[in-house]
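Both complexes shown next keep subunit A, but they swap its partner, so subunit B is in the first and subunit C is in the second.
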Partner chain A sequence: MATLDFYQAGRSRVHGWNPVTKLSLSLTLVVTAFALPVLWWPVALLVLVLLPAVLASGVQRRFLATMSRFLLPVILLLFVIQGLFYPGGGQVLLTLGPLSVHADGLLFAARTALRLVVLTGSFLFLLLTTHPGDLMTALVARGLPPKISYVVSATLQIIPAFRQRAQGILQAQRARGLRTDTGLVSRVRALVPLISPLILGALSEVDERSIAMEARAFGSTARRTSYTVIPDSTAQRLARWLMLLAALTAIALTTTGVVS
Partner chain B sequence: MITVDKLGYTYPETARPVLREIDLNVPSGQFLGVVGPSGAGKTTLAQALAGYIPHVLGGEVTGRVEIGGLHVVDTPLPDLVTRVGMVSQNPFNQISGAKFTVAEELAFGLENLGVPRQDMLIAVREVLRRLRIEHLAERSPYELSGGQQQLVALGAMLVMNPDVLVLDEPTSQLDPAGSRLVFEALGELRSRDITVVLIEHKIERLAEFADRVVVLVDGELRMDGPPGTVLAAPELVEWGIGHTRFTTAAVRAGGRWPSGAALPVTLDQALAGFGGAR
Partner chain C sequence: MRPSVKIAAGTLVVLATYVYLVLERPGVSGIGALVALAGYLLGSVLIILGATDRLSTSAVALVPVAIAINIVVGQLALATGIPLYLDSIGIVLVGVLAGPAAGAATGALTCVIWGLTINPTIMPFAVTAAEIGTLAGLAAMVGAFRRPWWAALSGLLTGIVSALVSSPISAFVYGGATTSAGTTAVVGVFQAYGNTLLASTTLQGLISDPLDKTVTFSLTFLILLALPARFRQRFAFARSHRVFARRVALEA
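Here is the complex of A and B:
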């Protein structure tokens, strides 16, 4: 059964980086892309940092496929809406009957689109190259409350299991004559007999699941240890500090008006 | 050692007690079987022994339950889990969801207790070996069959090296192949110095494993003794528990079963009895 994560296993050096280093890289890319109001900056981040990292990790095919599936419609819509209806107006590049395409609108759309690409790309890179379990282990080791880690990990694993169960319930309902193949209305109607056994079943299992956690001393106040060792190095630690410095510098440059 | 002294229990927001005046002493290393009809309070008794009652489920407890001298009601659950572990019916619900591989899932409890990593590695390796699931170590617990998941749930308890293991119908939701896996593991447990309480409706299996069997009916202990005596008792039919196929065959055989011989509860006993009659 698949989990909800995007992780693509690999043996690249990027895969072996500490998850916190990759998370820091993603956050730095996003913070600087949004902080610096310079059009070419997100382009530089994409070309000089993100794409080389993606290529080095060997996940480019899935990266591009996922990016285009999620972002192409959004970006297209962004250019259409901002190009035609940007409130600032500015130079008119093209007139299509009652509609005009404005240069400022296109510029705004381009800036927003580039930032969106950096934002989505950075986190997709993190998710594609980092096993969620390793990410959670690394974050718990740095003080993330185990309960938050549990919520994330359990969601990634249990939701697909519930999806499987929903399929089973649906098949059982179909066997009793429920029609789900005759258009939208019948599909929506089919949700009612699906949702109640699914939700009630999940609620009835809460006690048992909570017992399973308590049986593993989840409520213990002892200082937790970790079975999994996440590799780290001095170079990565230094890189993380430099990334933090870069993000703070970008914020400082913008807030002080040095870059505008 | 388990000491249960006049245990009574009533679930929250209910008036009728589910357990009444239960007295039970189980010496260290004994394999105790518990049988009873549906609604007899077997699962409740298991949860009381494991400390989930009242620590997780609340309710009103009267009397005492002691595990190795620790009073269960007064002992915080994290301190109890190294003394007593429990495996319940549904394997899926016993997988924590917090971990992505079987080995990590087994180590989860030890991590929460702050056990040093080196000790964890040894304990996990040992349990994987003992349950013969080394090949599953790097698999996701959610990719396993029900029987394999139940072995992982059993392993997750064993890894904490408890003195007492309570198993509440661990094969009731498994297919025959899954049940066989679990019973093979239970056979392995018999050779260890661990006290096992097995609640099981497959009484033929219980007859093979248990040193002693108690019968719980309507929240009360009605019978206590060796499997050969308890599982062949005529009252079991009246209480809706039934007999093993071997006991039933001997009863139906009438005069062909040797007169005066105890009714069989295992295949070996049946073969010996019928062989003698031939």
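Here is the complex of A and C:
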């Protein structure tokens, strides 16, 4: 069964950081990348902050593989579409029959692509080095309602079982002669005998779950103690404040027009 | 803050973000993308926090199952190669059974979990999913899920709103490109006819979203019909707003 998260276990110092610190780092990277309208700025963030952090945590292979899987097609299409059709135009670099490649469009594509790399990369870094359970525990310790933490954790456990059931239903219906390889209409029609047993089966468990949860005082608002303790340090606390400051500075610089 | 205040504040932030982006049309300075990301994120977080505060235990038990339905059926639809997403059946289900706030929270959390597990580039679209859950709940409140054609019509309307809400993200954050060559080409064609980027992504959304949501709402209607009445009546929202009026009348 395929694992359901990006998390890659490791013993690097980055893995040991408090998840909230890593989350703050991701958010700060994204905010500053999008706030400052300087073309090379996302490159600086990538080279000076994100890549060293990825290398230090030893997840670079999966990082690169996953990033190229998500972003290469998007970026390729972005350059093609915006290079050809960006409104405004600007200097014409190349003419191919009725189509022409414009400098402004390519510049816009480059700007957007670099920001997308920072946006996706910083969150992928967080997900590769942080177990979702740890992230939830750390956030609950900072006031996230336990109900949300339950929903996220429970979903992560349900999905693999669910996928298996979907596969089972698909095979069972095929064995009964369901065809999923012909025209569009028959494919849509084929979805009904696949989806309805899957959903009705899943919903029949909800009743039992909620009774079990109520029996264990799930809705109680009393303050709970946590079984796992997430490490934190003064240095990280300081780093988080500095990152907040950096993000706010970037926004202030742009809105006041100092950087343009 | 009281839960309803959080939900109202979140909704206001989302609306203000959209109005700002459409009226101001920020250029490529990047502020447009930042406002789209930050405004929609803040709004979604407020809505999630406010909505989960009020969820009953049976609704909390339903939400993970609903999210799993979204993700697995969405991937199943992708695997069968039909041009529909079908990744919001669970959101509509919760919206109809447990109300607009619960639907909104389910929607936003679906995107968060999809981002955590399968594809982080989905996360900025959390607000669209929240909007689908809200509108499904509101439609159920006015009785749209008592008749199949009203359910389909509310799906159509929801799809139109989805296209409007998600277009600033597609335009300002992703520059009109997606992983699908087809939809990206459509955006390019609209731009070639002289539309702005925002207008082009909106038009592209209007091609795919209304159809998808009409099918989704209709399928959800059929699923709800097949569920035992005892299950449907477990939810206080469905009871008090007589979401399935005919059946209730028969039982009473």
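In this text, the second predicted complex is superposed on the first by the 240 of 260 C-alpha atoms of A that agree within 3 Å, B and C clash if a C-alpha of one lies under 4 Å from a C-alpha of the other, contacts with A are read in each partner's own complex, and residues count from 1 in each chain.
Convention: contacts are C-beta pairs under 8 Å (C-beta built on N, C-alpha and C of every residue); 3 or more make two chains touch, one makes a residue touch a chain.
The shown structure was predicted, so the numbers you read here are calculated from the model rather than taken from an experiment.
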- Message: With both complexes overlaid on chain A, does A:Ala222 touch subunit B (first), subunit C (second), both or neither?
- Response: first
- Could you say whether A:Phe70 touches subunit B, subunit C, both of them, or neither, answering first, second, both or neither? second
- Would you sort A:Asp207 into first (subunit B), second (subunit C), both or neither based on which partner it touches? both
- Task: Could you tell me if A:Leu184 is touching subunit B, subunit C, both of them or neither one (first, second, both, neither)?
- Result: second
- Query: Counting only touches as set out at the top, which of subunit B and subunit C does A:Leu238 meet: first, second, both, neither?
  - Reply: neither
- Partner chain in contact with A:Pro132 - subunit B first, subunit C second, else both or neither: both
- If you stack the two complexes on chain A, which partner ends up touching A:Ala154: first (subunit B), second (subunit C), both, or neither? both
- Query: Does subunit C touch more residues of subunit A than subunit B does, or is it the other way round?
  - Reply: C
- Can you list the residues of subunit A that touch subunit B in one structure and subunit C in the other? 132, 150, 154, 158, 205, 207, 209-210, 213-214, 218-219
- Item | subunit C to subunit A touching residues, read off their complex | 28-31, 33-34, 37-38, 48-49, 52-53, 55-58, 60-65, 67-69, 71-73, 75-77, 80-84, 86, 89, 93, 109, 112-113, 115-117, 119-121, 123, 173-179, 181, 184-185, 187-189, 191-192, 194-197, 215, 219, 222-223, 226-227, 231, 234
- Query: In their shared complex, at which residues does subunit A touch subunit B?
  - Reply: 1, 3, 131-133, 146, 149-150, 153-154, 157-158, 160-161, 205, 207-229
- Message: Help me check something: in the complex, which residues belonging to subunit B touch subunit A?
- Response: 47, 50, 52, 55-57, 77-78, 81, 85-86, 88, 90, 92-101, 103-104, 107-117, 120-121, 124, 140, 142-143, 153, 156-157, 160
- Note on the structure: In the complex, subunit A touches subunit C at residues 4-6, 30-31, 34-37, 70-71, 73-75, 77-78, 80-82, 84-87, 108-109, 111-113, 115-116, 119-120, 123-124, 127, 132, 145, 147-148, 150-152, 154-156, 158-159, 162-163, 166, 170, 180, 184, 187-188, 190-192, 194-196, 198-200, 202-207, 209-210, 213-214, 218-219, 251, 254-255, 260
